[in-house]
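Both complexes shown next keep subunit A, but they swap its partner, so subunit B is in the first and subunit C is in the second.
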Partner chain A sequence: MAGNLSRSNDLRVGQGLFLKISTALCVLFLLAPLVVLIVYSFNASRQVTVWGGFSLKWYVEAFLDRDLWTAIRNSMLVAGISATLSTILGTMTALALGRYTFRGRSLCTGLLYVPVIMPEIILGIALLALFVMLDLPRGFVSVLCGHITFSFPFVALLILARVKSLDRTMEEASLDLGASPWHTFCHVLLPALAPSIVSGLLFSFTISLDNFVVTFFTTGPQLTTLPMKVYSMVKFGLTPVVNVISTLLILFTGITLMAITWMQQDGARRRLGMRLGLALAAILGISFVVSLVSEARQTNLVIGTWAGYMDPSLMDDFESQTGIHVILTYFNDGEEMLAKASFGNPGFDLIIPAAYAVETLRELDLLAPFDFERIPNIEHIDPRFRHLPFDPSGQYYIPYTYGVTGLAYNSEKIKEPVDSWRILWDPRYQDRIAMFDDMLETFHLAHRLLGYDMKDADPAHLDAAYELLLQQKPLLRKYESNLVNDMLLREEIYFGQNWNGNALRLIADHPQFKFVIPKEGSLMFADNICLLKTAPNPDAAHLFIDFLLQPENTARNIQTIQYAMPNPDACLLLPQELRENMVLFPPLGDMSNLQILPDYGTFLPKINERWVRLKSE
Partner chain B sequence: MMSRNPRRMLARIGELQVLLVPPALWLLLFFLIPVAVILAFSFTKTNGQGGILLDFTMEHFKRALDPLYLKLLGRSAMYAGLSTLISAAMALPAACFIAFSPPKRQKLLLFLVFLPLWTNLLVRLFSFVVILSDGGLLNQALQTFSLTTEPLHLLNTPFAVILGFIYWNLPYMIPPIFVSLDRMNVSLIEASMDLGAGRMTTFRKIILPQAAPGIAAGLVLCFIPALGCFIIPDILGGPDTMMIGNLITSQFGQGRNWPFGSALSSLLMLLVMLAITLYLRFFNPATQSANGKR
Partner chain C sequence: MLEIKDVSKKYGSAVAVNSVSLRIERGEFFCILGPSGCGKTTLLRMIAGFERPSSGRIRLEDTDITDIPPYQRDVNTVFQNYALFPHYSVFDNIAYGLRAKKCPAAEISDRVEQAIALVGLSDLATRMPAQLSGGQQQRVALARALINRPKLLLLDEPLSALDKKISEQMRYELADLQAKTGITFIYVTHNQAEAMTMAHRVVVMNNGCVEQCASPTELYQRPATRFAAEFVGSMNFFDGTIEPMGGDTDTFGILLEGQAHIRRRGQADGKPGRSVVFGIRPEQLRVSLLEPKEYENGLFGQITRHVFMGDATQLQIHLQNGKLIEVKVPNYLLAGDLVMALEANEQVWVIWSQGSGVVLYDV
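Then we have the complex of A and B:
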């Protein structure tokens, strides 16, 4: 073969010192973050970017998390199958576009670039709409279709580059010497394309493995993938568990590669390896089908929530009491959840929306009222939370958690008393301040400081709030929502807007940090459990809520997720230091100083316009 | 060129149909039709609830041409372009080296290039935070070697964002270039050197044309996704690094303005298609090298 002949690289072409050094630098640059990532999987601290000593605890936690292993298995299966099919489709496309001239070829080639540029969220929503319209069940197959759609154009473009630079003489020789086109394809063309096909396969595997958005929109409750879990963890409780998973994946990749290299050394090993690989694939496939079937046959209750927002041991207890299996599926953004729910329910019974989302869901007529006769434990709920402004009737929601946005600060660096939001505008602390990367939180605060209420939707007030925030911007280190604790710990900032639950996790290990609710008042959040009108299993949903509201269970839940729940009877069961913890249970008073984020409706695009302007000035 | 007898022509048309129809149908059903529907939203009015009113309007396109958003677009193009060019400059020598390595080393190096992709992007970006922060590894190293006294402010800057993009791009840049150089006829290079061409001339006249389709594919595979990316500026950026991807995503999120988000995406795609069409028409190294004389 020409390839092998030309490979006799006697002059050592392309192996000079300059190339060696630049390759080494490239590899170093690519691997350095991975080394850091592996080291930080042994971090004793809960923060993902601040070192706190050596520990194996996150490995233990990861191994005990059953959900996590299911998610990894699902991701591997989806990535494996979609990569194989994408590579086949991509190779066909590349051959068609690279070797034949026909009318519309440039157009077709141009079209391949469109999925590459398309924002994933549009593809996700578009596919969701398609599956709903065609009334296809959402789950494994729909996710596969989504993944193939975004990955095969990538593969095609990659292989196309190879097809175009191919030397055709070998093929012509083969055909001239009487080989059939099929024979020529198998023995001349395919081997010549092999490196690009393998690259394409690896590419599509990895982009499928890391995809969140399209998976989120196309999946059903039975299929949660690893990125869905990881991205969802960002909201509540991102821990070095994510580093552990990544480390294990890297290890797995290494071992697979070594196994393949070992196999390739001689024929006997290859046959053994092939058999073992096939057996493994078969076992995985069968176990997957079995688990899918058994999951489908169980009575299931499906809850859409954030990862880490409900104590998993409660699900096990509920299952052993009632025989109902609870499935948690995850989202990482309330708006994504709204979009998904409004396009037709893929099988959720209960979802946990924020207050404003309850309002929207009700307006879209997606919620069913609860039957409180069947939830006697509702009596334990704090009456102040039963008829919140987003649903004065109180029929469409069960209060789940609540919390307050406050100010977290480093008391070693700040000696003066901190009781006002105004300190975030103090030029002495330039570059040591972070605000939430959230337009509603920031603009609500600015309105409040100016003595306005954003609910009035007054454009003049909005302009004033914008000016106030613009004044503050030069003092800011960053707009950040999720890594505020890390930034505080690294002493990059001394002040940050923070939710009380987040601050609690920080203060528990690092008492130099304090959390206050400034005197001007603040924003409060109240997450709720809602029953969808189209819930497949409303009876189980009622049973589960009654179970969850039992004071012992709520107390356990509070201790695990570290967010306050409006259940005074449960609070009595908490250990004293937790019960009296002012960060976990901030004094709410009559709540007149706290506002629950309403649905701002038509004012939202205006706020967004100002927010974009603020961030791009 | 292939022989021109009619039977072979017919066979080739058959082959083309077999090859082209399934992917074309797939793209039509799962991509073009549903996405066209969503993009048609960009001509509708919003009801402010995240919903759509079926009234024709051009307001979103007019709004998208606001200098504010054009500025975001310019910034995105700058970040994406700069990082893509730097990645290409870094990737070319590495891809050469890998392509001309003995098979065993080649496999190892390719494995190392792909390795980062096995890890969730979010988690890899957190590692960058560890490296770039004020007390981070890079600053510590610089101070240990007394290159700086004060910690450099690296994180939350445009520098960090561009570095993040280069990191994200490299594994997508090296393989296409490698693929077009691999199995290249080494004797061509030897001949060129033997006949007295210098290293630079050989590189320019022999290696570069061969690598061109790969470089082109790499540039596209890196530049376009970087243009629409929002996670990297979110995590590594500062208060002033918002990009067009953040804007589009926020229209489908908190901004609750799907039509505007669709309009922005349509414009972005139009621009990209335009650029690619021009590129394919006026500067197509692929056809040049494929038909080039060997």
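Then we have the complex of A and C:
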């Protein structure tokens, strides 16, 4: 009866078809991305958005990736400790603000909102500036401080709301019954605050776990968290490994929530929940201890690089040979590398910059020359790479990888021979063409087709190049850099500018695609290993480079990361089909037709201005 | 037992309790009565130790407890909203005080069983507070406070949240409990009926000051101030002047409102001409169509309102001198809907005995 009454009193919005449909849509929008994510973690294809059959290989790959697990461990550790400390600090703050009157109380309450409202990036920069000023080494402690800074106000505000709504007579009753203030705090106040303390803990754990910006600014080379690792992996093409990590995280979160829910129930469920919670805690605890113990050792060598850019098994071998532990830490782009290498005392030994960055780093006087006496294996390096234009002396860099921008196309759709960039201007293929979403790649190509060199920095040439690109624009499907492979595979485009390493991954699974370096020539990249002046451990760095350049090791590295390296002796050790792979090792000739991207300096803003204009046309 | 000496409590410039002195005897059921904001709860909180007096001392037996924190006082409180711990069962709530004092477990369970039995909740020991009715929660709060065997039990309007029937029943239970345990009770309320039914002595407070401290009977029959008289029951007041002595020495005369002459048994406590207030309760008055006898006082007026209240009828009478008074007539004679067939607008005599009423001198 009461139920009927209350129902006839409500707004009758709970009954219509509209409500059912909108509820279903809400749930769908909420869950659809997660379902897609989980399904694609079982994708056999390398492409994140193209289904290629069921497979568990990405799970295997994820489980074997040592760096990934280190990143997960780091994230859990940072999130766990910062959430615990934030919760303790937040509870104390909330009690102080909610229970006591003192001068400046409202100011303190207001200040709590500052980290909540302030854009994270400002907080990140402010923390970085502070840590540099205090000369606090960036790493675990600084990240922890950063995370506590932004997460404890959330906890404090959450608990403060609860403290304010709390009836004080409960505490008075306890004191009245003869319980000391401490006993009262433990047995009356804490249980009353428990729900908001638990949600504060979970909340701060989550925001700390997926924090990127503050971590980015406060971390040092020795600490990579999961979000940073994932972001860095994205740079080298999203693989379903990212889906695997996400699926595992969803599973972990789900189990945790289930354990918490069960713990609040009675009887068998509660015991089950307790066991589940204990098991989770035990697994986490053991893996933390194991990984910490295995890391708390000897000399370290810190290398700043891109994710997936060096075979991790080589690090293990190097470690077992020399006892030097190698820590790989990841950048997301060249700008980040430059920034981090030049700011304060960065803590890296070796970094792997692109050609133009070597120039910049040298100008900033951040590099130390190598002592080739201590690197006998330098003799295996292709002489064409020893004195590249960005450092003719050849003392400040060790050539690491190289690659070429070429043209990837679908040979099932294009029957005519493809040997010229001009085909990208062919109106027959309107809407089937993609160019890189990258101003240097596109303008370099246009200059080259017009017979100019962009390094001349001639505005007239630039205008001509702009006109050429403008001509091409109506034919383009899109300017796109990261998803060229996916677009080719879905046959949205037949042609696309592509890097050879990227094309290699596509062609390995789908042989109908071809890769050529058109006869007009192209842009080439060469990544290099450089030694920082501030390197804490230059001896280990020399040892490591000599180890890396041994042909057997370079060969292994090439096979793992699938990038060409200028080490002919190593190439001889590769399996035949890899050695003769024209995509992995495009013919370079005397390299006169290939240009390594230089630092365009003051010409860059002009290129950028044309590029912005072009894209907005 | 408990001695409150010259205790004041100020919040900034506001005075909540103004120089109160009281003595409460061992085994007494003592009631603090007053309207909200009169300072009664503040006084109670100072006895419990939640507030510190701005000045004055409080002594319990031979100890000065003014500066002792609440958890070291041999005093327990039953709160207005009961303040049960929602996360503990009835048993754990009651055991709280003993556990806090680290009693042995066996003793705890014995004493809790006794306390639960004392308040008649033996079947509900495992329930949580949220599963109890208001009256049951009240009993748990009582048991929780009594289990510590305090020297003094403070009760802060404990019945105000209960509905009328249960609250009336609880009055007797509380009085019985107090008699059975012999513990001194200090009971704070704004409800004069509770104070009258349970207390041995009542103190009436107003604006932080004590108006009167007396037994319920004395308080009702001989209120010391106009406030006390009005707060406990109701009363009609007349401004009056003592008249010069007549021949008769058993009574003295009062001139009411400068018009009506009445006689009052006893001796005047002042010289003729002194201003007084004469008060008389509505139930001490009767109405009649006949003139008063010579041993009675009477005023003539007209019935203007007429409220049937079940056990009695409340009449409002407009006196000749222009004043309105209330008369409460027991309904022992009902003719139709009317008491003694009195109708509105009827002209009647309002009559009372020369011994009834109070004369208040300090006005």
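Keep in mind that, in the parts below, the second predicted complex is superposed on the first by the 436 of 617 C-alpha atoms of A that agree within 3 Å, B and C clash if a C-alpha of one lies under 4 Å from a C-alpha of the other, contacts with A are read in each partner's own complex, and residues count from 1 in each chain.
Here, a residue touches a chain if its C-beta (ideal position, glycine included) is under 8 Å from a C-beta of that chain, and two chains touch if they have at least 3 such contacts.
Note that this is a predicted model, so its numbers are computed, not measured.
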Check: With the two structures laid over each other on chain A, which partner does A:I596 touch: subunit B (first), subunit C (second), both, or neither?
Finding: neither
Notebook entry, point to check: Given the touch rule stated above, what does A:S180 touch, subunit B (first), subunit C (second), both, or neither?
Noted result: second
Next item on the list: Considering only touches as defined above, state whether A:A192 meets subunit B (first), subunit C (second), both or neither.
Entry: both
Next item on the list: Could you look at A:Y479 and tell me whether it touches subunit B, subunit C, both or neither (first, second, both, neither)?
Entry: first
Next item on the list: Would you sort A:E172 into first (subunit B), second (subunit C), both or neither based on which partner it touches?
Entry: both
Next item on the list: Counting touched residues of subunit A, say whether subunit B or subunit C comes out ahead.
Entry: B
Margin query: Quick check for you: in the superposed arrangement, does A:A368 touch first (subunit B), second (subunit C), both or neither?
Written below: neither
Note to self: With both complexes superposed on chain A, which partner does A:A464 reach: first (subunit B), second (subunit C), both or neither?
What the structure shows: neither
Note to self: Identify the residues of subunit A that lie in both the subunit B contact region and the subunit C contact region.
What the structure shows: 167, 169, 172, 175, 181, 192
Margin query: Please output the residues of subunit A touching subunit C within their complex, sorted ascending.
Written below: 167, 169-170, 172-181, 183, 187-188, 191-192
Next item on the list: Report the residues of subunit C in contact with subunit A in the complex, numbered from low to high.
Entry: 48-50, 69-72, 75-77, 79-81, 83-87, 96-97, 100-101, 144-145, 148
